[in-house]
Amino acid sequence: MLRFITRRFLETIPVLFIIATATFFMMRLTPGGPFDSEKQVSPEIRARMEAHYGLDKPLFQQYLLQMKHLLQGDLGPSFKYPGRSVNEIIADSFPVSLELGCEALVVALVFGLAAGMVASLKQNSAWDHIPMGLAMIGICVPTFVLGPLLISAFALHLDWFNAAGWYFPRDRVLPALTLGAYYAAYIARLCRGGFLEVLNQDYIRTARAKGAGGAQVLFKHALRGGILPVVSFLGPTVAGVLTGSFVVETIFGIPGLGRFFVTAAFNRDYFMVMGSVLFYACFVMACNLVADVVLVWLNPKMRFE
Amino acid sequence: MALLNVENLRTAFHTRNGVVRAVQDVSFQLERGETLGIVGESGSGKSVTCYSIMGLVPQPPGRIESGRALFGDVDLLACSHRQLNRIRGRRISMIFQDAMTSLNPFLRIGEQLIEPLLIHEKITRTAATDRALAMLDEAGISDAEHRLKMYPHEFSGGMRQRVMIAMALITKPDLLIADEPTTALDVTVQAQILELIRKMQKELGMAVILVSHDLGIVSGFCDRVMVMYAGRVMESAPTDDLFYDTKHPYTRGLRQSIPALQMKGTELHTIPGQPPDPHHPPPGCPFAPRCSHAVDYCAKEEIKLLDVAPKHGSACLRVQKENLLV
Amino acid sequence: MYLTLLCLALLAGGCGKHETLVEIGDRTQELRIGNEGEPASLDPAVATGVPEHNVLVSLFESLVFADGKDLSPRPGAAESWEISPDGIVYTFHLRKNGRWSNGDPVTAQDFVESYHRVLMPSLGSQYSYMLYPLKNAEAFNLGKITNFNEVGVKALDDYTLQLTLHSQTPYLLSMMFQDSWDPVPVAVIKKHGAIDDRTNPWTRPENFVGNGPFVLKEWRINSHILVEKSPTYWDAKKVRLNKIYFDPTEDADTAERMFRSGQLHSDTQPPPSKVAFYRKNKPDLIKVYPYLGTYIYKLNVTRPPLNDKRVRKALAMAIDRNAITETILRAGQEPAYFLTPPDTAGYTCQTKIKEDASAARQLLAEAGYPDGKNFPTVEVLFNTLQTHKAIAEALQQMWKKNLNVNIVLHNEEWKVYLDSLRQTNYFIGRFAWIGDYVDPSTFLDLFTTGSGNNETGWSNAEYDRLCRVAANTGNRAARYDAFQKAEAILMDEMPIMPIYFYTQARLIRPDVHGWYPNVIDDYDFKSIYLVPEKN
Amino acid sequence: MADSTPMTMVEPVETGGGASFWQDARHRLWKNKLAVFGLAVISVLAVLCFTAFLFPNITGYSYEQQDLVLGPAPPSHAHWLGTDPLGRDLLTRLLYGGGISLSVGLCATAVSLIIGVIYGAIAGFAGGKLDMLMMRFVDILYALPFVIFVILLMVFLGQNIFLLFVAIGAVSWLTMARIVRGQVMAIKRQEFVEAAHALGLRRGRIIFRHIVPNLLGPIIVYATLTMPEVILLESFLSFLGLGVQPPHSSWGVLIKEGAEVMEEYPWLLLYPGFVMALTLFSLNFLGDGLRDALDVRGSKD
C-alpha cells in the first residue's frame, strides 16, 4: 500500500508539469490581457504594467521563469489584486471553502447515503419513491435557484438566518444545505443503485440467515459493496466541493476560493489561474488517490494489484 | 412434539409476467435429530420452501400466502423480525449452494465466522475467535489461525463450503438447512462435505434438511425424503419405502434416472417433456402431461398429498383412487 | 428529506427574530454599504474602479473634496487656494493641522512626492492621465523627460503647493475628486518596499497610513473592508460615523437580499427587475438619480456597410430608445439622443438624433439598400450580461421591423469582447462610458483621433480641432460653443449611436441621513450619520 | 425461476446470440409502464421541440417576436405560459429552446456513455501502467481551466454550435470513466470473468460482453444524471459566447434568466424548470426500465 501511494505521488509530478505547461500556454493564447479594461490605457502605460510583471519578456523565457518560481513554491503575484500574492489569496480563502465544503459533504453524505440505503432496502415502496423523487428534484434544481429560494424562505421571510455573509456559525447553514443538497441527490441515486446491486447478492442472504438484523446487514455486509459507485464519484467531487463553489460562494457572499477559479480566468489573472489550477489539480489527484485507496481497501480482491 | 412443523405453506412470486406459485400447500414434520431430504428438479419449489421457513424470500416480489411453520411454539412465518432473527443463525442455520457468492467477498473469513456468535451470544471477540478456530478445525480446515485472516476468494470451492458449514454450525443449532450444499463441487469433494455434515450432525444431535436435485445423494443421507414437483409435494416417505415401494410415477422416473442404480448396458432413463411453465400451470396434476400413467381425470382434478401407506404420502390421483402400482 | 434537513438546521440555527446588523449599526453609528465588488487595490495610484474609489474617499483626502450635495469643490487638505488670472497656476495652502493617521503632518512635499509617484513610468498607474493637465506631466509619465523638476508641481514651503498647468483646465478642481490626486504617505510606502512597486504591501490594514476621515482597520478579501473614524483627522469632531463596513458583494441579487434582510444600509445597482419593484412598492427605500454616463453602440466605420454615414444614421434613427428605457431598463434612465449627458456642468447638446423610421428607411435606400435588400450581415457585439443582451435583442427586432435588415447578435466573454473592440474587430459594439469628472470633455475627447477609447476607426479633423479649442480656452462660453459644434459633427457622422443615459439606482434606508444623490455618486462620509427608525 | 430466485451475478446469456435477447429486452421494456411513460414523454417533447424548431411559428408567435408594450406578462389565454421581459411568448421559446437542449443533453449523455464507458472499462480492466496513464490523463482534463479551454476553442475554431458539443463532450465523460473504472476493477476478479478468460475469449469481448452488462445499474443512473447537468452547463457556455446566441433560447438559458427574476416573474422559472424536471424524471424512468430490461438476472422488479 505504501509503495502504491508513493508511486502515485511520483506520478503526480509529470502530471502537474503537463498541467502547468498546458495552462501557461493556454492562458497566453487567450485573447484579452490582464490589464484590458473598458477604459483603455495608453500603449505606453500598458507596456509599463506588463514589464512590471515580466510579461514583456519572450514567451519561452516567461515560461521558464514561471516554472522556476513554481518549483520554489512561489505562485507569483495576482494582477487583479496588486499587493497580494497568489499564495496568500489561496491561503486566505481556501480555509473558508474547505470548511463550507466539509459541511456540505456531511450534508450530502448523511442525507444522500441515508436516502439511498432506505430506498434500496424498501425498493418500489413509498420509502423508495419519495426520497428518489426528491433527489431528482434536487438534481433538477440548480444551486443558483435553490440558494435564493432558501434565502428567500429562511432569511427574508422567517428571518432565521442572514441573507449572506460568513461571520457567524449560523451563516454556514444555508450555504452548506444549498451546496450539499445537489450532491446529496447525486449520492442518493448512485447509492441506491449500488445497494440494489449488492442487496441482491447471495452473501446478503447468508447474513440474513445468520440472524443479522437490518442495520447489521446494511452496514456490515452491504455497505462496502454498495458504496463503490459513490466512492468513485466522490473522488473528483470532493476535490470540487472542498475547493469551493463559484455559484454558492457568490450567492451567499462567502470569501472562499471557489470564486477565484472562475474570476481569475475572466480577469486573465495569469498567475492566479496557474496557482488555482495547480492547487485544484493537486487536490483532484489527492482525492482520486484517496478514492482509489478506499476502493482497494473496500475490496480485498483488488489488493493484489 | 416435532422440532419443525410446516403446514400448508404457500409461497408465490408476483413478477412482471404474472404470479408464480412457487410453493403450494406444502406440509411436513421434522423430529429432533432427523434428516429430511427434499428432492426435485430446478424450479420445483424445494429451495423456496426452505427460504420461506427461514424468512429469506425477498418480499416483494415474493409473498407467503398462507401456512404455518411451527418451530417449537414459534410460527416462523408469522413472528416478528426480531423473533425470527433470534432463531435464524442460532437455532436454525442454513448453508447455500454457491459458497463463493454466499460468503461476503469484502470481509475476512474470521469476521464472518464469528458473526453468528456475536449476534446471538454475549461473547467477547477473542472467545468467539477461539470458538471459530475450534470449529474450523472440526470442519477439517488446517492452519485455521492463518485462514481466519484470509478472504473468501483465497479459498478453494470445497474449503469455502467447509467454512460455510463451520459458520452455520458455530452456534450449535437444532436444525441445519442445507440447500444443495454439494452441487457446485467436485464429486470427491461432495462426498467429503456430506461426510462432514453427517459427522457434525452426530456430534450436535441436530436435525438436517438436505435439499438436492440428486435423489442418489439424498437416498444415502436422509431418514425421510420428500419429492417435489412444480411447487407441490408429490411423495413423502421414509427413504427405504420411497425406493422400494414407490407410490408416485414421478418418483419412479427420478429413481430410474440415477445412473448408479441402473444396470450396466441399459439405457439411462429420462423423463420425457419439460416441467410446466410456472406462470401457466396446467389444471389437475402438474405431472400429468409427462406421465405415462396419466388418465383423463389426472388433468382435471385437484391433487392432494394423502397417506397411501403408513407414513407414506403420495399425491398421485391414480395411486390414491385405484391403488396403481408404479 | 430536505424538509427534515431543514428542520434540523433550523433547530441548530434557532434564533428567531434578532436585531439586524443595520439596527445595531444605527445605534453605534456603523454604516454598512454594498460596494459592488472587491476592491482590487487601496493604493490611490493603482486603484481604478468604483469599489476602490468608494473606500478611498473615506481613507484619503485630496486637496479638495466633493460636496455631497452639489459636487462643488470644498477645502480638503488645502484650506484655501488661488488661481492665477490666466488659469495656469494654482497655489494651494495646506492646513497646518492636517495629519496622517500615524500622526505626521501632511505637507506640500507629500503631495509633490505623491504626484511624482503617480507619474513614475515604472509604477504603470492606469489613471496617471488624470494628472496630465500639469505641465510636462504627460511627457514625464511617458518617459520622454526624466527630471521631475520640469513637471509643474512645486512645494513652495511645507504648507504651500504650487501647480502649474500646461493649459487652462477649468475643471481641474473637479478632477481632483479622482483618487490619482490623493496624497500618499511616501515615507511609509518606502518602508514597506519600492515606491514604484504596485504590489507594495503598504495598504494592508497593519501597515496602512492615510490622511482621510477614516482609517483602514480590516480588509478581508471578498468578505469586508472595515474603516474606522480616524482620530488624527483635522476635522474629526465633525465626523459622526464611527465605522463603515464596505461589503464587496459582486452579485446584485445577493446585495439586494442583504439590504432587504437588514444587513446593509445602502446598496447600489440592484437588479433592474428589483428597481422596478421598489419604485412601485417601496419608493421610500430607493433613490434613482442621474449618473454621469452614457450607454452607446460603437459603429466600426471602416467596415462596409457601416462605412456609409447614411447607414449609420439610418440605424441610429430606426430605434425606439424610449421603449428600451421604459420596458427593459425601468430605472428612470433617459433616452440618449446625443453623447454627453444633459446638464453636464451646465452643458446640454443641442443637436439631437431624430427617431424616424421612415426617414431611416429613406436613408438606407439612398445608401443602396432599399427596404433592407442586400444588406450584408452585420453583427452586434456585446459582453455577456442580461441587460446588454436584452437591449441587443430589442434593437435587433426594431431594426428588423423598421428597416427590414437582419442583424446578428454576438456575445463574448468580457476580455475577449474588450480585445475585439481594441482591435476594431467588430461591426457594432456595445460600449459605456462613465465620466471621469464633471465636464463635457470627458465624453467628447473619447472620439478624437488617436484616443485609445475611440476604437471606431472614425477620425475627423474639424472635430479634433474643436476639442483642442475647447481644451485650450478658459472661457466657458467659447468652450461650450466648441463642444456644441463638435458634438453636432459627432451626431451627424454618427460613429457612435447613443442609446441611453445612465441613472444610479440606490437602495437606501431612511435611517441614513446626510447623504445626497449626485451625478458621480461620490460619498461624502463626513456628512453622513445614522438615526434609528422610530417604530 | 421460482426455485432459486436467482440472485447471483450471472454472466449474461450470449448477447450476441442474435435477435432473441434484444427482442426479450424490448418485450420487457414495453411491459414496464413507467418506462413506456418516460419514453412517451420524451418522444412527445422531442417531437414538439423539433417541430417548433422547424416551423418556428407553430404556436402563433416566433421565438424572437417581441411585445415591448406588453413586457413580462403572466400566463394568459393569448400566451399560455406567459411572456418574458421583452414580451416574447415563453411557450414558443421553451419549445424552440428544447431542440438545442435535448440535443445537447442527449449528445453529451451519448458521449459520456460511449467514451466514458469504453475508456473506464479499458483502464479498469487493463490495470497497471495503462490504467495509470489513462487515469492521469483524466486528472489532467479535470484540472485544466475549463473557461480558458472554451474561450480558446471559440477563438481558434469560431463560434459554432458544433463546438458546443465538443466542449460539453470533453468534460461530460470524465466522471463516468472513473465510475466505470472503479466498478470494473471491482468485478473483474469474479469467477465468471475468470471463466471467460479460461474459455479463451478475447479481452474486448470479455470487457464489453461480460463485464459491462453487469455495470448497467450505475452506468444508467449516472447517465441520466448527466443530462440535467449538461443542459445547465450549456447556459454557462452560452454565457461565455459558445452555444446559443441571442435571441435564440435554450432551457438552460431560460432557467438561468428565469432564476434572476424568480421573485417578480415566477412563471419564467417555473415552466422551464418544470419541463426540465419532467424530462429528467422521464429519462430516469426510462433508464430504470432499460436497466431492468437489459438485465438478464431478470426477476428483480
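Which chain is which? They are A, B, C and D, in the order written, and residues in each are numbered from 1.
Convention: a contact is a pair of C-beta atoms (placed from the backbone, for glycine too) under 8 Å apart; a residue touches a chain by one contact, two chains touch by 3 or more.
Being a predicted model, the structure only gives us computed values, none of them experimental.
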item: Any chain that touches chain D and chain B; value: A
item: Innermost chain by mean C-alpha position; value: A
item: Whole-Å separation of chain centres (CA-atom averages), chain C against chain D; value: 46
item: Centre distance in Å when chain B and chain C are each reduced to the mean of their C-alpha atoms; value: 87
item: Centroid distance [mean C-alpha coordinates] between chain B and chain A, Å; value: 52
item: Geometric centre distance via CA averages, chain C-chain A, whole Å; value: 37
item: Set of chain C residues in contact with two or more other chains; value: 253, 413, 416
item: Per-residue overlap in chain A, given as positions that touch at least 2 other chains; value: 30-31, 124, 148, 152, 201-202, 205, 225, 266, 299, 301
item: Of all residues in chain D, the ones touching two or more other chains; value: 8-9, 147, 151, 155, 189, 263, 301
item: Chain A to chain D touching residues, read off their complex; value: 11, 14-15, 18-19, 22-23, 26-27, 29-31, 124, 133, 136-137, 139-142, 144-145, 148-149, 152, 186, 189-190, 192-194, 196-197, 200-202, 205, 225, 228-229, 231-233, 235-237, 239, 261-262, 265-266, 273, 276-278, 280-281, 284-285, 288, 291, 295, 299, 301-302, 305
item: Touching residues (chain side chain D, partner chain A) in the complex; value: 7-9, 127-128, 132, 135-136, 139-140, 142-145, 147-149, 151-152, 155, 174-175, 178-179, 181-183, 185-186, 189, 217-218, 220-222, 225, 228-229, 232, 255-256, 259, 262-263, 269, 273, 276-277, 280-281, 284, 297, 300-301
item: Residue ranges of chain A in contact with chain B within the complex; value: 124, 201-203, 205-214, 216, 220-221, 224-225, 298-301
item: Contact set on chain C toward chain D in their complex; value: 253, 271, 273-274, 276-277, 320, 323, 327-328, 384, 386, 389-390, 392-394, 396-397, 408-413, 416
item: Touching residues (chain side chain B, partner chain A) in the complex; value: 54-56, 60, 81-82, 84-90, 93-94, 96, 98, 101-108, 115-116, 119-120, 151, 153, 164, 167-168
